[in-house]
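Each of the next two complexes has subunit A plus one other chain: subunit B in the first, subunit C in the second.
Let's turn to the complex of A and B:
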């Protein structure tokens, strides 16, 4: 990575085009988007495994160096810096996974019914969603539902006058967005079109910018 | 195991500082070290007195071990901030500042105040700026609708500060709009 070209200290990178990102910058953005989005976003297994590989390589190198008895004080300090970065990256990954775990448990039943959302989960996440749904259902049945009449046992009844029993993400929830490039007009809920200028910041319904987020044209802040 | 409740709808200021710590700053090392490969890139070589670009977290680490001086970003100066403050108090819109200026300024003042010119003056300017901008964000609440709200030049820390209230407020407006009887003009006494 050439740090001279792609980052201006304290500012966003070159505003005229999408900056070429390092894996770490991409991971940071993925994590922040996931934190702010009301629904679960597509996982990026390739990126994660690349970063995990790098973590492994850096830790191995640092450990190998540390075993060397003739290490100077400076070299020792360097391995400490490398280890610090590894811990920072691990923190991001952990927080990212935990955010997804929270959403999976919140919307488990909804996910197990919707193949389009299942495609966004990794295999391990999908297994967890299925097992979690089954466990909750079993617990509800043995503790309460089993003692109720058959007609009142459903966990996904759809009564028109009542809220849906299956928790779904609230796509109307407003989110703060930052445009990474000029985006074509989006349709606002009142029907008017709206141009999102490059580098601008807005508060909008998640639903309105869902597609832009998926294409990476905006990020959540 | 899943995310703690307090972090489910927002990001904490500590996490914002963590994110800002990936921004690149310039340092003047006082020690000699080779190039080092990191996950985010290759930094160095570190040669006494020669400017090197590193992420802020690394600069802080080196600084705390007295192995470098951090070069203040150009916007972290009395002249620049004084001008921004004048703009801020004389015009209705937010003046443009780096997106993560609050976090970076805090870290710089905490660990490297001896590398800054007039740190006390900077501190009070930043405080004044914050107050002037805070008053404007509060005023911006007037513009909140169920549609969309533009927030030009708002910074990451400020967004985080208004997030709970604005998101909740807009949520209420969205609900009200959804319940609005349609069409409204049929209503007669």
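Let's turn to the complex of A and C:
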């Protein structure tokens, strides 16, 4: 078994393969963007299952190697490295999934009303969003709404003087962006245009750079 | 405060203050059933006032008092829902901080005593939902494990704080008894640290 070529990409990445990004780098960016963005971003199920497959292969290989009694000192050290790397990648995936889950529950009601956002969720996430909305609604009904007069039972009252009852992501929130290429111009709040230079870092409102992020021209840091 | 001097929404304000206090002190207070009930009574009273006022007004324009009462109704309702939403979020946080395990949460007398019956139902159903969601990943990883500190080592030195019986690890089965120390693989016992059976020894 040749461990050097089979490890998690990025650890002993082959420099000739650049500039194509490895799955791990892509995953890291996906995770960082998700952590910083106020709304839920499109999921990348393909990438995720690819990395999960790699993880499984890696840990199977490492386990098989460790049982081998003739393992040299160097090989033993290598398997340790691989295992540590696997654990760290697992951490990132876990954190990524949990971040999405948190956002899904926070905006569950908003999501179940908006097909455009539903397209960003995986099937399991969508099911979770629907079930969660139903659960919270049931909870509100048993503890509060069921005891109120009929006219007061709505969960989406539209009253001009009060904030909306359905929680929506705050797209005005400022985020730090790192430009992966020269892009723009973006429109600043005062109406002027702004060209973003390659490799520069800026602090901007999320809705200003929403499209750039979707096209992958900037990343959140 | 006597009932005559009380304004509409005073009670609801008390309820929201309780939620704020709960966030500030990071404690789960007992479900305030009496207060919730009195606000619901106030809501019914307000509804009757509005209905009567509308029935009595002859012309098309309703009396101005209806506007005040309607505002109070909406405000009370939002406060009630905010209180319950805050509690649900708090419970979910507790649930995840236990590594997605329900039994320790429900068997802890401090927590159990503060829950309303419908909140216990909520936790049970939420747990079932999360279990289904977790099932999709269970081959490779457990999404309920800790997400606060990334692992730096595959092995970890732990001290046993509570007896937790025989656990299967890569070194075979280990009988964890209080006071003992072990060097084990993190992935094998991560959930026991989260649930408070083991404690990481910082070197």
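In this text, the second predicted complex is superposed on the first by the 202 of 221 C-alpha atoms of A that agree within 3 Å, B and C clash if a C-alpha of one lies under 4 Å from a C-alpha of the other, contacts with A are read in each partner's own complex, and residues count from 1 in each chain.
Heads up, the rule we're going with is that a residue touches a chain if its C-beta (ideal position, glycine included) is under 8 Å from a C-beta of that chain, and two chains touch if they have at least 3 such contacts.
Values in this document were obtained by computation on a predicted structure and should not be read as measured data.
Colleague: What is the contact status of A:105 with respect to subunit B (first) and subunit C (second): first, second, both, or neither?
Modeller: both
Colleague: Counting only touches as set out at the top, which of subunit B and subunit C does A:55 meet: first, second, both, neither?
Modeller: Both partners, subunit B and subunit C.
Colleague: Kindly classify A:95 by the partners it touches after superposition: subunit B alone (first), subunit C alone (second), both, or neither?
Modeller: A:95 sits against subunit B and subunit C alike.
Colleague: Between subunit B (first) and subunit C (second), which does A:221 come into contact with in this model arrangement: first, second, both, or neither?
Modeller: It touches subunit B, and subunit C stays clear.
Colleague: Based on the superposed arrangement, let me know which partner A:128 touches: subunit B (first), subunit C (second), both, or neither?
Modeller: Only subunit C; A:128 stays clear of subunit B.
Colleague: Would you mind checking which one, subunit B or subunit C, touches more residues on subunit A?
Modeller: After superposition, B is the partner touching more of subunit A.
Colleague: Return the residues of subunit A at which the contacts from subunit B and from subunit C coincide.
Modeller: Correct list for subunit A: 55, 84, 88, 91, 95, 98, 101, 105.
Colleague: Along subunit C, where are the residues that touch subunit A in the complex?
Modeller: Within the complex, subunit C contacts subunit A at residues 36, 40, 43-44, 47, 71, 73-74, 77-78, 80-81, 84-85, 88, 92, 96, 116, 118-119, 122, 125-126, 129, 132-133, 136-137, 139-143, 145, 147, 150-154, 186-187.
Colleague: So in the complex, the part of subunit B that touches subunit A is made up of which residues?
Modeller: For this pair, the touching residues of subunit B are 1-3, 7-8, 11, 15, 18-19, 21-26, 31-34, 36-43, 53, 57-58, 61, 65, 67, 73-75, 98-101, 104, 146-154, 156, 159, 163, 166-167, 170-171, 174, 177.
Colleague: How about subunit A: which of its residues touch subunit C in the complex?
Modeller: By the definition above, subunit A touches subunit C via 52, 55-56, 80, 83-84, 87-88, 90-95, 97-98, 101, 105, 124, 127-128, 131-132, 135-136, 139-140, 142-144, 147-149, 151-152, 157, 159, 161-162, 165.
Colleague: Show which residues of subunit A lie in contact with subunit B when the two form their complex.
Modeller: Residue positions touching the partner: 1, 3-4, 7, 9-12, 22-25, 28, 32, 35-36, 51, 54-55, 58, 74, 77-78, 81-82, 84-86, 88-89, 91, 95, 98-99, 101-102, 104-105, 172-176, 178, 188-190, 194, 200-205, 208, 221.
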